[in-house]
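Two complexes are shown next, each including chain A; its partner changes from chain B in the first to chain C in the second.
What follows is the complex of A and B.
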């Protein structure tokens, strides 16, 4: 299969999945206790009789179920995610405004967790059985059991409140009026804690996986051959073992993308990071279902996109996969 | 098998930790004379300063230690029940897919894949938000986002077991297909399911605490996530209110993970040896 066919088939599958999620969203709105029109207006929205009547008409809530479903899915396909009465703006616009912050956060956390996870995993496997290996493995086990939002809170407490090293709140210094490089540096400083805490859990996952995978590959015959050729330990690890051991880790990382996007809701809540996760949190208290479901749909779309990208990268890195499929 | 498990220091540490948490959860009403909702002292009492209130009080003057003890009940209950429900969905689906193959397999796996694509924490949030936060809705939401890995595991196990000779023998003996699946194939897939289930309880506890942290906990049940969520805004003045519940979660989840790994090593010794070499 050529790369183009792969992309096309994946895109088709993504489309079907998103369609299914739109249908699921519609069913959820109708399963919510109470009148769907009132649900759509949201508890916090000033839902007077006239507005509810308008809503009922606009969404055709007096029409048969399948007509309503068609209307809903049709509007989602044209990127109309409904209106947030709480925020007084279309949901699609609210999400579009906040999406860049979330993309920046999740992508940074993804890269950090993957790079550090693989580095620590390789380090641990090279010192297997020694004290430093046990230390790294134990730390990974601890991070693995730590709730994301709690790690974030403790990071704020230590590095922001007590030590004062890094800002623990927001996306950039409000009112500082930085431009260009100074602004980028300011944002980067604000990004450190959220990205690190979001990446911590996943780093632990990738580290354990890398370590196990390295140890497994190091048992194979070609490694013995490399040793017999007289290559040094680090050279074997880097050029022979790591190259093969890294593949399952990348696969896992692609699959974990969904968890990363979900975790962003927690991280953004703690750090007041103005992304779609924070938007979802704000909408929870207001019972702003349109916005909640909109964020849900967009985060699913992000996950699908992420998976396609990892898949393509993977095929480019390892030509054997293209040949097999 | 027990010998292998009990010689694993980590796993035994996990068992001791978990037993301690279970004991606290069971005996909470005996240890504490007041409920976690009762105001017992002035608010923001610092820990280790007053006898009888070792962990201090929260923003409303409620005993933090008592809240922790009652929180253990919610965590363990939701973790256990949601895992059972996830098994009830995942095991039959995976078993049917793996045993019957063809279109059953195709359909079941498409369905599973769909649920695996959806970001599971986001789905859990949506479900609990829409169906109102109660212990039941939280438990079911967690089960709904946790079953896909079970279905995949059971499917793979069943597919490999059903090709074995004793299954052919059972068929020759005239057993019906459903009976072969139930009495011959499924019992041979139990050990990996047990390992996965113990790790799922840990994940479920993390999920429950994350939901309560966001304010999606049952308003009638004290939980660790709720405690941290409520203390989030006062972290500068009262660090202990977020610190202790977090430690409780870490210890409980760690205990379950250690037990899960110990079980894995004890039940699948050939796999663990490979990892340790």
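What follows is the complex of A and C.
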């Protein structure tokens, strides 16, 4: 199968999967207790029947369930994510407002964890059994086991409250009026702590995975052949071992990439990062159905998209996969 | 006529002005938690919305900490002796933020057309109103059908925000595009809202009070995590933590910092009173002896001192002590487990399980529920905690699916506005979490509540409400817990921040920063 047919067939399956996810999301959400009209009325501290009726009518909740579901599926098929009555704005706009901040955070964390994880993994495998290997492995274990929430709070306490090196929360300095490079630098400073916190866990995973995989591959016969040819150690590690050892890391990276949109709720909350995870969490608490469904759908689409990308990357890294299929 | 009273306030306000040397300029960073769903106050009246939009919109009056009316958009006002005619004289030369002139027509439109459709709480008061008219551009007359004692308290910003007629007349209010860029008459104008980060308001240069506001700009900062909010204050990122924005146990640490002040004032109008609804319809809670036993079983002083770090006051009954017509001549329920056990034995309580529904507003409320459960177990009540999230809590209380449920409600300065709605039978209606959720029915008291609301003289009303409080406290329809106090924490160089009965909600108008 050529890459084009693979992509086409995967895209069709993805479409069906996405539609099924949309329907399932809708049913699950409506099965949860809680009524957005009552939540909204409740926040006002007062409500009468007229108010609740008005709100339910505006939300379309006065209609039978199958009509609501039909309307929702119809709008998903036309790529219309609907309107958030709670926030008084189209859902697509709400998501678009939040998406850049989230992507900046998750992509940075993704790159940091992937690059550092693989680098440390390779370094540790080259020094297996030595003190530096033990140090790296122990650190990785520590990062792997530390709850994200706690690590985030500790990072703020140490680097922001005690040392005062880095801002502890927010996306940029509010009201400073920076533009251009100064603004980019300001955002970068705000990005350090949340991106590191978010990246730590996966960095540890990649490191352990790379190390183990490198060690395994380095025992294989073709490595002995390479050594016998008289290639240098670093060249063997880079061109022969790493390339063969990287496949499991690609699989995991695909998993992490799938969480680029929806996987940073905790980090965004602790660091007051104005991203999409918080939008999802707050909308869930308020039962803002359209917004939650919109975020869920975008997240699901991202997961599916990155599964396809992972498949393609497999083929690029290891041409044998395409040949066999 | 009440002209004399209004004039006295005007004089007092003028005299007070030169005493302090206010400085112009500066910016204030205030935490807003959670992020408001919208800023159009005619449509949304929850706490965070009012905190921010209270600087953008105004009403006819403000109230001082003794709940006495003060001028706002209205310079002076008169109430006729029969209590039926309220005449307001508006400030001259007031402009909307878009430059259009503000007139009496805007007030008539807001109260009679816009808010009648959108504002459930005001709608209840407007039921007493025969007509709202504007004889000229600066005069508004509210003509009542029958006397309604608390009517003078209905002119607070959150109760009757004045909205621009030229923007909203004839449109669909909920989807009007201008809701995103609210236009009011207030001391600050809307500038920018970066969702998830901050809301920026700037000084209204054309504000009708000379020299005010003093501040150049106000930032409302959205910080979702309570610990991060405390850090933001510690590191100087924000200047003001409004009541309830950090967990109680962080309060002493923050207020002990140098240059940090705090005040419990600024909640007199709202007077948040907490209680547990007890389901009067079924189960052991339908027996008055069980309900009294719950009152005796609870160690409410302990909760105040430990869970609330000493903030607040143990409640004596349905009316908070800062609300008008409060009376403490009622039965006192002190912590008395023996008495509770006696009452339970007398009714023959057989150990049926009762579910406690905590309010899902953070750790403090969870701990409170645990303290109450412990107290109830000590007298032999088989209580369990049934936790849920905010939407679930709304659903369970408004569908009456609970035995004991924590809540707290605002009183809006008068028993007829914020208290009677929880106890009269006409307010029993499924679907709302803010009415007579416990299902208490007492026709004799219902008649007394109605009569007290319609009395004109303050003395008559005081006597009537004292009688009601005495009787209802013996019936214990709900388990009154505590008058909540949410201290406002701020840097001491921020002056005159809390000057009215709704505190920081309309504070930035008068606030200034000392260099």
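Of note:
Simple rule for what comes next: the second predicted complex is superposed on the first by the 268 of 325 C-alpha atoms of A that agree within 3 Å, B and C clash if a C-alpha of one lies under 4 Å from a C-alpha of the other, contacts with A are read in each partner's own complex, and residues count from 1 in each chain.
Definition applied: contacts are C-beta pairs under 8 Å (C-beta built on N, C-alpha and C of every residue); 3 or more make two chains touch, one makes a residue touch a chain.
Predicted model only: the values in this text are computed from it and were never measured.
Legend: residue contacts after superposition of the two complexes on their common chain; A:175 is shown touching chain C, with no touch to chain B.
Of the two partner chains, both chain B and chain C are touched by A:287.
When the two structures are aligned on the shared chain, A:153 is found in touch with chain B and with chain C. Shared-chain residue A:33: touches chain B and chain C both.
With both structures placed on the common chain, the touch criterion links A:70 to neither chain B nor chain C. Legend: residue contacts after superposition of the two complexes on their common chain; A:248 is shown touching neither chain B nor chain C. With both structures placed on the common chain, the touch criterion links A:269 to chain B and to chain C. By the touch criterion stated above, A:145 is placed in contact with chain B alone, chain C being left untouched. Of the two partner chains placed around the shared chain by superposition, chain B is the only one that A:307 touches, whereas chain C remains out of contact. In the superposition on the C-alpha atoms of chain A, the part of chain A touched by chain B in one complex and by chain C in the other spans residues 32-33, 153, 156-157, 161, 269-270, 285, 287. Of all residues in chain A, only 32-36, 38-52, 58, 85-89, 94, 97-98, 101, 153, 156-157, 160-161, 164, 167-171, 174-175, 268-275, 278-279, 282, 285-287 touch chain C in the complex they form. In the complex of the two chains, the chain C residues touching chain A come out as 27, 29, 34-35, 37-38, 40, 44-47, 120-121, 123-124, 174-175, 179-180, 194-198, 200, 217, 219, 221-225, 227-228, 231-232, 234-235, 237, 388-392, 394-396, 398, 409-410, 421, 429, 431-435. The part of chain A that touches chain B in the complex is made up of residues 17, 20-21, 28-29, 31-33, 141-142, 144-150, 153-154, 156-157, 161, 212, 215-216, 219, 255, 258-259, 261-263, 265-266, 269-270, 280-281, 284-285, 287, 289, 292-293, 295-296, 299-300, 303-304, 307. On the chain B side of its complex with chain A, the touching residues are 114, 116-123, 125-127, 129-132, 202, 206, 209-210, 213-216, 225, 228, 232, 235-236, 239, 242-243, 245-246, 249-251, 253-254, 257-258, 274-277.
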